[in-house]
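Look for chain A in each of the two complexes below; its partner is chain B in the first and chain C in the second.
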Partner chain A sequence: MAWYTVKRLIQGIITVWFIATATFWAMHEVPGDPFIGEKAVSPEVEANLKARWGLDKPPLEQYWIFMTNMLQGDFGISFAQESRSVNDIILERFPVSAILGILAIVFAGLGGVLYGALTALYRNQWPDVLIILLVIIGISVPSFVFASVGQLILVVINQILGFNVLPVAGWGDISHMLVPALVLGLGTMAFLTRLMRSSMLEIVSADFIRTARSKGVPAAQVFSRHQLRNAVLPVITVLGPSVASITTGGFVVENIFGIPGLGQSFVLAVQQSDYGVIMGTTVFYGAFLVLMVIIVDLLYAWIDPRVRLE
Partner chain B sequence: MALLDVKNLHVEFTTYGGIVHAVRGVDFSVDEGETLAIVGESGCGKSVTVQSIMGLIPMPPGRITQGTAHLRGHDIIQSKVIDGKDIRGNFVGMIFQDPMTSLNPTMTIGAQIAEPLEVHRGYSHRQAMNRAAELLDMVQIPEAAKRARQYPFEFSGGMLQRSMIAMAIACEPSVLIADEPSTALDVTIQAQILDLVKSIQKDTGMAIILITHDLGVVARLADTVSVMYAGEVMEAGSVDDVFYRSAHPYTLGLKEAMPTNQTGRSRQLKPIDGSPPDLFSPPKGCSYAARCPHTMEVCLENNPNAFAMQDGHAAKCWLHHEECEVEAEDLYQA
Partner chain C sequence: MSDIGTYSFRRAQVDLDREEISRPSLSYWQDAWYRIRTNRRTLASLFIVVFMVLVAAFGPILWHFDYDTQDLNQTSKPPWASRSMTVIEPYTPWLDRPAVERWSDTGAPADIQAIGFPSIEFVRLTWSPVQGATRYTIYRTIVDPEGGPLGLPLGNVIGESENSYEDRIDLEQRRYWYSVEATFADGTTAASTLPIDVAAAATLAGAIESGWIDADTDLQPGDTLRTPWHPLGTDYLGRDMLARLMKGAQISLFIGIVAPLLFILLGVVYGSFAGFIGGKTDALLMRFADFVVALPFLLFMILFKLVFGIGAGESGILPMLVALVLLSWPAAARLVRGQILQIREEGYIDASRLLGTKTPRLILRHMIPNTMGVILVTFTFAVPSTIFTEAFLSFIGMGVEPPIPSWGSMCNDGRKTMETTPHELIFPAIFISITVLAFNILGDGLRDALDARMRSTE
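Moving on, here comes the complex of A and B:
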C-alpha cells in the first residue's frame, strides 16, 4: 500500500509537470500579450515593460526561470493586478471555489443516490420515467445554460414574491451558495442517478437480497442495509473523477453568478493574457485534480473491505 | 396434522415467450424431526416450489395459481405472518446453494447472523452479536468471536455455508429448508456440512426439507423422498421404498444413471434419452411419456393421478392401474 501510494504520487508529479509545460508553450503561442490594452503603447514603453517582466528573454530561458521558481513554490506575480503575487490570489480565491465545489459534490452525491434509488424502486413506473427524462436533460445540457435559466427563474420568483428569497448573484453567506452549487452539481447528479439506478437494479436480484428476505427482514431494512449499501459502491468510485467536471464547470458558473472564486479569476486572466495567473492557476488545479483522483483511489480501498487486503 | 403441509401447488411465470408452468400440482408434507428430500434434475421446479411457499420468487412475473400450504395449520400462502410474526427466519429457516453470493459482501458475518435475532426476538445489537458468536461456535467455526467480526470474503466456501446454517437456525426454526446446500462445495466439505445439519436436527428436532439432485445425499440424510419431474411429483415415499422398490420409470432411470462402486459392463451408466418437456406448453398426458421405455397409449392422452401403495408410497404412473397388464413389480428388478 505504501509503495502503491508512492508510485501514484510520482506518476502525479510527472502529470503535473506535463500540464505545466504544455500550458506554458501553448500560452506563448497564443497571439497577444499582457500589454495590449485599449490605449496604444509606444514601442519604447512596451520594450521597457517587456524587459521589466523578463519577456524579452528567449522562451527557453523564460521556461527555465518559471520552472525553477515553481519548484520553490513561487508562481510569480500577476501582470494585470500589479504587484500581487499569484500565490496570494490563489490563497484568497481558492477557498471560495472549494466551498462551492464541495457543496456541489454534496448535492450531486445525495441527489444521485436518492433519485437513483427512487428510479429503481419505481422501475418503469412514472417516477422512473420522469426522473430518467430529467437525467437525459441534465447530462446533455451544459452548465452555463442551467446557470442562466436558474438566474432567470430566481429573478421571476423574487419579483412575484416581492422580496429576495435568494440572491441572484454575488457572494457572502449560505444563501448565495445554494443556487450556484445546485447548478454546478446538476450534470454530475444526473450522471450519478443513472449509475445508481443500474447498480440498484443489479443488486435487487442478487442472491444475498433473497437471503435477507428469507430471514424475514422487513422490506425497508432489506432496502437500506442490504441493497443501498452495496449499490452505492460504484457511485463512490466515480466521485473522484467527477471532482474534475465540477471544477471545470465552476469556471463558467462562477462567472455567471459573479462569484469571486479562482475560476472567475482564471477566466479573467485568460482574457487579459495574465501569464503569471494563468500558469499558477493551471498548475494548481492540475495538481489538485491529480491529488483528488489519488485520494479517491486510496479511499475506495478503505471503504470496500475486499479491496483493502489486496 | 403435519407440521408443514403443501397440497396441489401450482406456480406459473409470465415471460415474453408465454407462460411457464413451472410447478404443476405438487403435494408434500413433513413432520417434526423428519427429513424430506425433494430430488429431480435441474429445472424440474424443486427450488421454485419451496421459494414460492416462502414468498421469495418475484411476483410478478411469478404467481401461485392454485394450492395450499399450511404451517401448523396456518395458511402461509395468503400471509407470511403468524401471530404477528413473520414466519421467515423465525419458524422457517433457509439455506441456499451458493454461499459465496448468498451473503452480503459489505456486512460482517456476525451482523448477518445477528439480524434475524434483532428482527424476530427483539435482541439488542450487542446481545445478538454475542449470540451470533455462540452460533458460529455451534457450527464448528474456530475462534468464533473473532470470526464474527470478519467479512464473507475472508471465509472459505465451507465456512460460509456453516455461517449460513448458523444464520438459518438462529431463531430455532421448526422447519429448515436447505436448497441444494452442498452443491457448490467440494466433496469432503459436502459431507461435513450434511453431518452438521443432521446433528443440529438431532439436537433441536426441527424438520428438514432438503432439495438436491444428488441421490447419495438423499440416502445419507432423508427419511422420505419426493421425486420431481417437469413440475410434478412423480414418486413419493420412504427412502427405502423409493430406492429399493422404485415404482416409477423415471426413478428407475435416475438410478441407472447414477454411478456406483460396482464394476463390469452391467454397471455401465445409462443416460435417460431425450430431454424434459417444454413447460410453456406441457404435454396433455404424462410428462415423462416421451422418454419412458414403457409408454402406452393411455400415457400420451391422460396424465395419471398418483396411485397409492402401502406406507404412503405413491407413484404417478399408469403401470399401477389395476387394468394394466404389465406387472409393476417387474420394474423393480430393472
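Moving on, here comes the complex of A and C:
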C-alpha cells in the first residue's frame, strides 16, 4: 500500500508539472497583451509594467520564473484587479466552490446509491420504471437548463407562498446552497444511479450471493451485507471523474445563481483577459483534480486490495 | 474395473442430421443489424437521429425565414400569441384635444376614458378635471393597483382645466391600468383608475415595411391583418425560433459529429500504433495520453479558444473543433490500444497465423472488424457529450459567435427572458435533450448489438 501510494504521488507530481507547462505555453501563444485596451500607456510605463511582471524576459526565463513560483505555492498576480495576488483570489473563492461541490457530491452519491439500490430491489416494478425515467432526464438535460428551471421554480414557489422559502440567488448560509448544490449534483446523481443499478444486478448472480443464500442467510442480510456493499465499489471509482464534471458544472451554476466561487471568477477573468488569474486558476484546478483522482484511487485500493496488487 | 474388455467400447453412431446448421449463418454486421432492427428503443432513437440530421441539412433551405432576420415589432412572441393585428391610420399629432364639458364633483378626476382606438401606437386619455387642482399626474401599471402604488408616472399636465393626455411610451399588447392623480395647492392628492385593453396594431406602411403583407394588399384602416406564422414563436430580437433552431441544429450537430469523428480517428491511429509497436514506445505514448487526460478539460477548452483567437465575422466553430480534437483523443486511443493488445493474443489470431495468413490480411480481416464495433459505440457516446460541451461553452459565451445560433447560446439568450416568455429557453432545451437522449439510447443499443462482452444486463 505504501509503495502504491508513493507511485501514485510521483505520477501525480509529474502530471501537475505537465499541466503547468501546458498552461504556460498555451497562455504564451494567446494573441494580444494586457496593454491593448482603452487606456493608452506611454512606452516608459509599459516597459516598467512589463519589467514588474517579468514580461520583458525571454520566454524560457519566464517559464523558469513561473515554475519556481508555482513550486513555492505562488500562483502569480492578477492583471485586472490591482495589487491582488492569485493566491488571494483562490483563497477567497475556492472555499465557496469547494463547499458547493462537496454538497453536490454528497447529494449525488447518496441519491445515486439509494435510487440505484431501489431500482435493483424493485426491478421492473413502478419504482424502477419511475427512477429510470428520471435518470434518462438527468442524463440528457444539460446542467444549465436544470439551473435555469430550478431558479424559475424557486421564484414561482416564493411568489405563491408570499415569502422567501429559499433565496433565488446569492451566497451566505446553508439556505443559499441547497438548490444550487442539488442542481449541480443532478447529472452525476443520474449517472451514479445507472451505474449502481447495473452493478447491483450484476452482483445478484455472483457466486458469493448464491453461497450466502444456500447457507440460509436471510434475504435482507444478503441484500445489505453482500449485495449492497459490493455494489458500492464501482461507484467509488467514478467519484474521481465526478469531481471534474461537478467542477465543470460549477462554472454555470455559480454564474446563474450568482455564487462568488472560483468558476465565476475564472469566467470573469477570461472576459477581462486577466492572464495572471487564468494561468493561476488553471494550474490550481488541474492540481486539485489530480489530487482528487489520487485520493479516490488510494481509497479504492484500500477498500479493494485487488487493485494495488495489479 | 479389471474386466474392461474390448466389448466395453462400441462404435458411436454418426448422426449427420444433428450436424446440419438449420439457420443461415449470419455475419457480425448482419447479426448487429438484426439486433438493432428488433430493438424498438434503438430503432426509435435511430429515427430521431436521422430526423435531426435531415432537419439540420434541409430545414434552413426549405423554411422561408432566415435565422438572422430581425423583426423588432414581433419580439419574444410565444407560438400561441395572437397573430391578429388591426390596421390603423398613420399617426398624426393630437391637435383636436377635447374641451372641458363638465367638472368632476367627487374631488378626484372622474370619467376617465380612452378616445379613439387604444392600440400599441398610442393611447389617448381624457377625464373630467377637478376644481382647485394645480396639476394632473398620469400613472400606468400592468397590475390592478387596488388602492396600492399607482405604478409608473408617465407625465404631468399642469393647469386646473387640463383634461387630456397621450401615452406613446413603449406600449405592448395587454391590459394597462391608467390612473390620473390630481394634486391640489395644499399638496394633497386624489386619483382614479381605469383599465384599458391595448390592442396590437400597425399602420399599413409599417406592415408592408415589416414584410407582413404585400404592397398591393387591399386593406383599410380598421381591418384586421394576420402577422406571419412563427410555429415556435420568436426570440428577443423577433427572429424566427424555428429557423434559428434548425440553423442551431446544423452548428450543434456539425460540431457534435465531426469533432468525435476526428478525435476518434486520431485516437485509433495513435492507439493502434502504440498497441502494435508495444514495449517502451507504447509505455511512453500511453503516459503522454494520461497527461492529456489529466488536463482540466473545460479550462483548457477556454484556454485554446483564447489561443486561437476569433477574428471579426468568424463563427468560432473551427477553434472549438481543434480544441475538442486536441483534448479528447486519449480515451479512444486507450480503448483501441487495449483492444489491439487483447486481440493480438487471441486464439483465432494464432490459428489464422498457423494457417499461413499474412499480416495485412490479419489486420483487415481480424483486427479492424473486431475493433470496429467498440469504436462505433465509443463514437455514438462521444456525440452527445460533445453536443453537451458545445452547448455548455456557448452558454457561458465561449462558443460560437453571434448571430450564428447554437442550441447552447439560444438557451443562454432564452434564460434572460424565461420569467415572461419561457418558450425561448424551453425549445432549445428540448432540442438538446431529445438529441442527446437519442444518441445515448442509440449508443446503448449499438453496444448491445456490436459488443458481446458489454451487453447490458437489463
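Simple rule for what comes next: the second predicted complex is superposed on the first by the 259 of 310 C-alpha atoms of A that agree within 3 Å, B and C clash if a C-alpha of one lies under 4 Å from a C-alpha of the other, contacts with A are read in each partner's own complex, and residues count from 1 in each chain.
Going forward, a contact is a pair of C-beta atoms (placed from the backbone, for glycine too) under 8 Å apart; a residue touches a chain by one contact, two chains touch by 3 or more.
For clarity, every value in this text was computed on a predicted model and none was experimentally measured.
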{"item": "More chain A residues in contact [chain B versus chain C]", "value": "C"}
{"item": "Which of chain B and chain C A:V290 touches, first, second, both or neither", "value": "second"}
{"item": "Contacts of A:A206 with chain B and chain C, given as first, second, both or neither", "value": "first"}
{"item": "Which superposed partner A:E44 touches (first chain B, second chain C, both, neither)", "value": "neither"}
{"item": "Which superposed partner A:D173 touches (first chain B, second chain C, both, neither)", "value": "neither"}
{"item": "Partner chain in contact with A:V217 - chain B first, chain C second, else both or neither", "value": "first"}
{"item": "Shared contact residues on chain A - chain B and chain C", "value": "none"}
{"item": "Of chain A, residues touching chain C in the complex", "value": "11, 14-15, 18-19, 22-23, 26-27, 29-32, 136-137, 139-145, 148-149, 152, 155, 198, 201-202, 244, 247-248, 251-252, 255-256, 266-267, 270-271, 278, 281-282, 285-286, 289-290, 293"}
{"item": "In the complex with chain A, residue positions of chain C that touch it", "value": "290-291, 294-300, 302-304, 306-307, 309, 384, 388, 391-392, 395-398, 408, 411-412, 415, 418-419, 422, 425, 429, 432-434, 436-437, 440, 456-458"}
{"item": "Chain B-facing residues of chain A, complex", "value": "205-208, 210-218, 221, 225-226, 229-230, 233, 304-306, 309"}
{"item": "Complex contacts: residues of chain B adjacent to chain A", "value": "51, 54-56, 58, 80, 86-90, 93-94, 96, 98, 101-107, 115-116, 119-120, 151, 153-154, 164, 167"}
